[in-house]
Amino acid sequence: MAAEHLLTDVCQQKVRFSEVDSMKVVWHGNYVRYFEDGRESFGKRYSGIGYLDMYRNGFTAPIVDMHIQYLRSLTIGEEIQIETSYVDDPAAKLCFEYIIRRTSDGEIAAKGSTMQVFLDNSGQLCLSLPPFVEEWKRKWLNI
Amino acid sequence: MAAEHLLTDVCQQKVRFSEVDSMKVVWHGNYVRYFEDGRESFGKRYSGIGYLDMYRNGFTAPIVDMHIQYLRSLTIGEEIQIETSYVDDPAAKLCFEYIIRRTSDGEIAAKGSTMQVFLDNSGQLCLSLPPFVEEWKRKWLNI
Amino acid sequence: MAAEHLLTDVCQQKVRFSEVDSMKVVWHGNYVRYFEDGRESFGKRYSGIGYLDMYRNGFTAPIVDMHIQYLRSLTIGEEIQIETSYVDDPAAKLCFEYIIRRTSDGEIAAKGSTMQVFLDNSGQLCLSLPPFVEEWKRKWLNI
Amino acid sequence: MAAEHLLTDVCQQKVRFSEVDSMKVVWHGNYVRYFEDGRESFGKRYSGIGYLDMYRNGFTAPIVDMHIQYLRSLTIGEEIQIETSYVDDPAAKLCFEYIIRRTSDGEIAAKGSTMQVFLDNSGQLCLSLPPFVEEWKRKWLNI
């Protein structure tokens, strides 16, 4: 799969007290936020497809599919690394893969993926990539 | 304070697994959701000032002050009662008081209050009550 | 897949204001809570494998895999039905499938699945089903 | 009040997409997390009374009172500064005051306060400060 990962960003986070459940581990639903933090950081590094770019261009990109595998638990105060990779796809979709590692020893806590589609101003599904995304791909992927 | 409570609603909730922290008690921030559930239920019973009514009339009512006192902890699976009371105020504000009780024994887990102001379509603060709120007061409070 | 769904529960929820994002639709991460609400309701109906049963028997059942497909968006105030079905599996796992429907018209908003494993008191992975789960299967599935 | 603020920490955060509500501003309940981030950062700087210190010493410090005033709204992507100040109190309590500012222009978005009490291992309320907190005060406040 490595070949597809043309663009990758790694950001840091710290497990918050409020993210941990009664088992003293991060509640599984909170990994969705880590993925979102990852996309945010990715969008800052490879500028042009962040939330505000979408908004300015008159599009939204709702998530239509999400998959998370949990490998090791995380607990309060642990530092984590969120690795977010763009997965190129010829269709009018935006796909990312994620790896969340415990910073201290590099152990993988979770892996996952998300798929987004594009909706235009009137809420219609885009069957081809919006121009600003095409431009983003030319800029960062030379394709 | 009882005299001010002309309108009161009581609704039920159950403590969710994801609302409990590593101490196995409801995380203090989640009471904000219980208050919101209380306002929602209140707005359903005394119709006319719910979120959608605001929206239809071109207003929003952001919270500008919130106070919560925590008296007893709540844990997973406990049923709670959220008592939401309207506190009448001559100013252009919307004030509620809340009491959260454990259903099983009626013990008070928390008390609190919120104050909202009204913003019009252009985001300007309303110095007098919007007409639809005046109408709501006439309907439910005869004032 | 219907053949596997020997046990199914349907519960109701209402979309909360705080669950909706800036696009005025339920934030995709909040469906994780709906699935949890579904398991909770399922566990109440088919008693014996709820969170407290696990706890009393000295086990925990962390989620190791979650998949969500988003088909239609949901917005503030909409009533939803969460259908939670047990998927029998010979391995030492606990698998559920979910369908979330808008109550008003029955349209499917999301589908998903979760897989849980069992950890004993010392945090060790159980390679066979804990006795209390075997008993639960005999009781509700006659197997 | 400035005289009481013997110890202050300032940390940075960025408003997350998932923290913003359908009005496109940070949902009022999410400020509770910002305060918690503030206490966490404070505890890191003035070490000795963080969550893990409490835990190691056999105490917990639940919040018994919280007050938040909302002055200006915050929106997606804005950077914020969380200023957390220790408010000394002769009683067996832990009190903090918070100021949340928009980093770009220094405007105050919210102010607030929290009060915590100490519970010992058996869940009993401490009527005097636990020794490790006394020690912390000697270390950082010379009192």
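The letters A, B, C and D name the chains in turn, as written, and every chain counts its residues from 1.
One rule holds in what follows: a contact is a pair of C-beta atoms (placed from the backbone, for glycine too) under 8 Å apart; a residue touches a chain by one contact, two chains touch by 3 or more.
Everything quoted here is computed from the prediction, not taken from an experiment.
Ranking all chains by how far their C-alpha centres lie from the centre of chain A, first place goes to B.
Note on interfaces C-D and A-C: more C-beta pairs are in contact across A-C.
If each chain is reduced to the centroid of its CA atoms, chain A and chain D end up 30 Å from each other. Averaging Cα coordinates per chain places chain C and chain D 35 Å apart. Annotation: 24 Å between the Cα-based centres of chain A and chain C.
Annotation for chain A: residues 17-18, 23, 29, 32-33, 36, 76 touch two or more other chains.
Looking at the complex, you find that chain B touches chain A at residues 17-18, 20-24, 27, 29, 76. Partner chain D is touched in their complex by these residues of chain A: 14, 16-18, 32-33, 36-37, 40, 50-52, 76-77.
By the touch criterion stated above, chain C contacts chain A in their complex at residues 23, 25, 28-29, 32-33, 36, 60, 62-71, 73.
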